[in-house]
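Presented sequentially are two complexes of chain A, the first with chain B as partner and the second with chain C.
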Partner chain A sequence: MGGKSFKDILWKIFRFVFLGFMALISVGPLVWIVMSSFKSNKEILSSAFALPTSLSFNGYKAALDLAPIFKFYGNSVVISFTSTLLNILIVSMAAYVLARYTFKGSTFITLLLSASLLVPTSALLMPIYKIMMGIGMFDTRSGLVLVYAALGLPTSLFVFKSYFQGIPKELEEAAYIDGAGFYRTFFVIVFPLAKSGLATGAILQFLTSWNEFMFGLVLTKSTEVRTLPLALNYFTSQFSFNYTAMFAALTMVILPSIVIYVLLQEQVTTSMVAGSVKG
Partner chain B sequence: MKTKKVMATVLSAVTALSMAGGMATTVKADDVTEITFPTSWVGVSVNTEWFQDRLEAFNEEYGDSIKVNVEEIAGDQNYVDKLKVLYSSNSLPDTFSTGGYNLIDSMKDQLVDLTDYVDDDWKKLATDACWDVNSRDGKIYGIPYTRQVIGYFYNKDLFAQAGIEKPAKTWDEFFEQCDKLLDAGITPLSMDTADSGWVTSLMLGAMIGESDEGEQFMNTMLPTDYNTKEFIDAATRIQTMFQKYTTPDAVGGKYENAASNFFMGQTAIIANGPWMISDFYDTSMVEDGFADKVGTAMYPGDVMYNSGKIGFNVASKDEKTLDATLTFVKFLTNEESQLKMLEITGDIPAMEGLTSDNVKPLVNEVIANGDKAAHSINDFQSLWYANVVDEISIQYPLLAQGEITPEEFAQALTDAAQKN
Partner chain C sequence: MKVKKWKLASFLLPCLLLFALIYLAPMCMVFGSSFFEWKAGGVFKFIGLDNYINAFRNDARMLTALKNTGIWVVLQSVVHVMLGTVIAFMLSKRKKGWKVLRTIYMIPNVVSAAALAVIFLNVFNAQYGIINSFVKTVTGKPFMKNWFFDQNSAFITVTWSWLLYTGMIIILVLAGVLSIPEDVVEAAKIDGATDMQINMKIRLPLIRTIIGTCEILAATSMLREFELIYLTTNGGPGDTTLNLPLYLYKTSMTDNNYGYANMMGVILIIAGVIVVSAINRLFKMNEADY
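The block that comes next holds the complex of A and B.
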């Protein structure tokens, strides 16, 4: 009896140590960034891991002075949300059809859309730049929305298709018997059932759009439409840097991603678990 | 029906947004010529204040007839990357300045030959060396505004602690001083490998430029063979520096790592240009009075980087825009602008003899060192092929870790150069 409880205690300690370690390596860098945003450059350079000597918001002020963060922030929010909505709406419809119906060329279409995941971003840069110039969408938010929505297409398709395949067909058949049409069945029956899968795709798509840098740089030229990742480069150049402002800006940039993830994490976990037992 | 409506609304909204984007091109009065100028002189860039000042002054004087559409591209490498994309799609901006990075050779088919536009008065605004760096086959492709005068900075307190009285005159003496610093518990050198290893490469070039042959190599435009005795000897010494005399963060480190170590008194020597001097006075970076501890020096063998620097390149596609662009470039490179550059950033003017009392004393020391140099060399970023400059960052860590020999390092750069 005593041996068993000793084992239990040991196991408990191991679990706490392991979980504590995992939490530390996950949260540590974020805490370090936030902490550094309150230190002066000198403090960061001399003792990178020490606590700030005072709670100074100078870094945040400098960050806002040096770069048009709020403007970029607003653009990032609009572009990321819109591209996520567009991606979910369009790709979920495609994924549903590809998951439910077998028709001539359906495998080819699935492969074709999935294969775009393998095309490196740098190879897409030039053609997309030329297309955007050609159709007059260069330097517009809507141009970035379209590009970002398309960039996330293969990932979302993969996630949504697997999820739709796991939803029992009988539910849809029942809807059809009750007189629902194709669109109604999809939007009223299937869409809500696939909430977890859609949330997973949405998070991945949102993070892709939120963090994307290269297209944001190449497809825009005015600060009116640029996004947050570009702002981070305002704080380091070849021969100068302002770490405090950079960490303050980083804090402002990463916070929304964390909040979104925390708010939706339950959906993601559910989706992952649900997906793991599907054939 | 409802879902159809929702879909139609969403698609209409996207289409409307797209059309709004398409219509975003500005319509201006005929008498105002618009030109485009992307710049990395934003945020913490050392030139930001200067550029804002000059742009404001230009707009005051020419705002009625010329509108400069400034595109902010923060980060020097991002700036070059975007220019490469624009070049590939034949849509380079009217003018651009890479701050020394040589894009003339890879882009000159789309650059305007400025030879006929640069008259004698304009030529007087820069030394011959500056025009040479901006010319190819006798044609001018760039308008210079600064010179490259670079030695190294050292921490006088740390030198004194190690019993060193003055900077070394030969490389053998330099390495002896490094040993003395090590014995005193001081890391001698700030070095880096990322972003073409600017600080390290300055040392490399200075070692190559010690001999007459090496000096000639360091003034050769676009060298394609790095398998020379001078280059391999210098690479051998750089390998020793990496392995013995620098900080652990040098491998993989950027300029800011190298600079931070010097600012914090963790290293005694850093190679860099006079634009760094203002940081020695910035108390958010360094302790109060740090600038008084810093000395300037020529490289052993009285070598100094003392050369021209790539300036503004022009790629306007019609005469009207070209005229406006040249007016803008002429304004940014005139005597007043160069003087402001010296006073605000500490960067040395392209024009000979242009001085100001309103500069930090260390800046004048660097200029004086440049004038005294026995060997004047140019920097690698201005002269070497862009892909060779990129290759350096890949090869330095291998050299530092002893995974390649100095001979293999030279061969790797040769291979890269010969791909052009």
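The block that comes next holds the complex of A and C.
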């Protein structure tokens, strides 16, 4: 018995240290960034771990002077919201038809649309750039909205389709008997019923758009339309010697995501599980 | 209930159009133009398989990019998934604070990868980064290793920025383990199975398809990885940390060598299909068992 409990204690210590180390490397860097954003350049260079001597907002002032961060914020919000709305509307309509009706080619369409999940999107970088140039959507917010809405297409399709399949048909049949048409039935009866399924897709789509970097980098060039993650690209060169400003900018970029995640975490977690486990 | 065909079509059409514009047309362009010499300034000439032959015969950068991408796919699908699974099993005991830990581990996965890249650039900074400051404090001697830009440490430092951040795996595996019916585990306990035996022989096999999903996510994420390299080492020093997506980006956006870049696109797509079907087969993803 004695040996066993000794082993138990060792195991407990190991687990504590291991989980603690993982937690430290997960949030340690972020805490350090936020803390350093209130320090002066000199403090950052002389002592990395020390708490700031006084709460200085100079870094934030400098960051906002050097780069139009609020403009980037605005663009990120507008682009992420619009692409989420577009994705939900378009994909839920298609998912509804594919979930409810079988017709010639319906299986083929489902397969075709889900196959896009297999494509590493970086492979399509160059053609998408050319197409956006070709249809005059290069360096526009609408161009990014279209691309982002498409990036989430396969995941949303999967989530919505399985959700619609879980809604009993009887309600729709009753609506038809009452004389409601196809469109009315979908938008007035089915859409509200599928609220939580749609929310799941929406959260995933929003996070994808909010964090996307590569297409934003390639498909835009002016500060007028660029999004928040791209602001960072611009910071690393702009602030190369103004560390406080860079730390302040980083804080402004990461804080909203963290706050939103911590507030909505149950919902976000469920969405991520639903969106990944594709059977 | 009979619905007119054109009404169904009107619901499908917007989605199909978006798909055609962002997936189908680009896919056709990628495959088609990979057989052409296509460069800025109107060069467009059919050259058959030359792009592919050049890539494997004469292009050392291509081989480096392929090798690095391959190493990262393997590391991510072995180490990353295993680490996340172990943590998830530890948390599944629901000891005090497990929900807080789950949130903490997930945070690096919810902030944008671009922000994470710049954060790591600072953490590993030679002058004021935490790592070097820590070494300095412990040893009392000045320590100026330039982690991201030193030939010997660049690869491992870049790898660090995604290998240990397993929040997504933890969430998926944890959801799987917690959904296993209690009576299955209880029965084994009554038969005298140890905790370890229950984990290895009962819980792990029961969440096989979830582990498979994690494998697919982890492996394919490495076929997409871009910003954590682009914003830190940008493939350097030399080509030590170059991967396929970054090489594709440079070939098309900097060198304007479109046909050659699209050949890499084809290789990425084929690699994706191979990786996913291999994992599907290995984890018998299409057979349900409980």
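Note that in this section the second predicted complex is superposed on the first by the 187 of 279 C-alpha atoms of A that agree within 3 Å, B and C clash if a C-alpha of one lies under 4 Å from a C-alpha of the other, contacts with A are read in each partner's own complex, and residues count from 1 in each chain.
Simple rule for what comes next: contacts are C-beta pairs under 8 Å (C-beta built on N, C-alpha and C of every residue); 3 or more make two chains touch, one makes a residue touch a chain.
The structure presented is a predicted model; accordingly, all values stated were derived computationally and were not measured.
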Which of chain B and chain C A:Lys42 touches, first, second, both or neither: first
Which of chain B and chain C A:Phe57 touches, first, second, both or neither: neither
Chain A: partner with more touched residues, chain B or chain C: C
Which of chain B and chain C A:Trp11 touches, first, second, both or neither: neither
First (chain B), second (chain C), both or neither touched by A:Lys221: first
Which of chain B and chain C A:Ile25 touches, first, second, both or neither: second
Which superposed partner A:Phe70 touches (first chain B, second chain C, both, neither): neither
Partner chain in contact with A:Ser142 - chain B first, chain C second, else both or neither: first
Touching partner for A:Arg184 - first (chain B), second (chain C), both, neither: first
Intersection of chain A interface sets (partners chain B, chain C): 45, 89, 125-126, 129-130, 146, 183, 186, 214, 217-218, 230, 233, 235-236
Contact set on chain A toward chain B in their complex: 40-42, 45-46, 66-67, 85-86, 89, 125-126, 129-130, 133, 135-143, 145-146, 183-184, 186-187, 214, 217-218, 221-223, 230-231, 233-242, 244-245
Chain C contact footprint on chain A (complex, rising order): 15, 18-19, 22-23, 25-30, 32-33, 44-45, 47-49, 89-91, 93-94, 96-98, 101, 103, 109, 112-113, 116, 118-131, 146-147, 149-151, 153, 157, 172-173, 176, 182-183, 186, 207, 210-211, 213-214, 217-218, 228-230, 232-233, 235-236, 243, 246-247, 250, 253-254, 257-258, 261-262, 265, 268-269, 272-273, 276-279
Residue numbers on chain B that touch chain A, as the complex places them: 3-4, 6-7, 10, 14, 17-18, 20-25, 36, 38, 40, 42-46, 69, 71-76, 78, 81-82, 85, 88-89, 91, 99, 195, 198, 255-256, 259-260, 263-264, 272-273, 275-276, 279, 283-287
Complex contact set, residues of chain C against chain A: 1, 3-5, 7-8, 11-12, 14-16, 18-19, 21-23, 25-27, 29-30, 87, 90, 101-108, 110-115, 117-123, 127-130, 133-134, 137, 164-165, 167-168, 171-172, 175, 209-210, 213, 217, 220, 223-224, 226-227, 230-231, 244-245, 248-249, 252-253, 258, 261-262, 264-266, 268-269, 271-273, 276
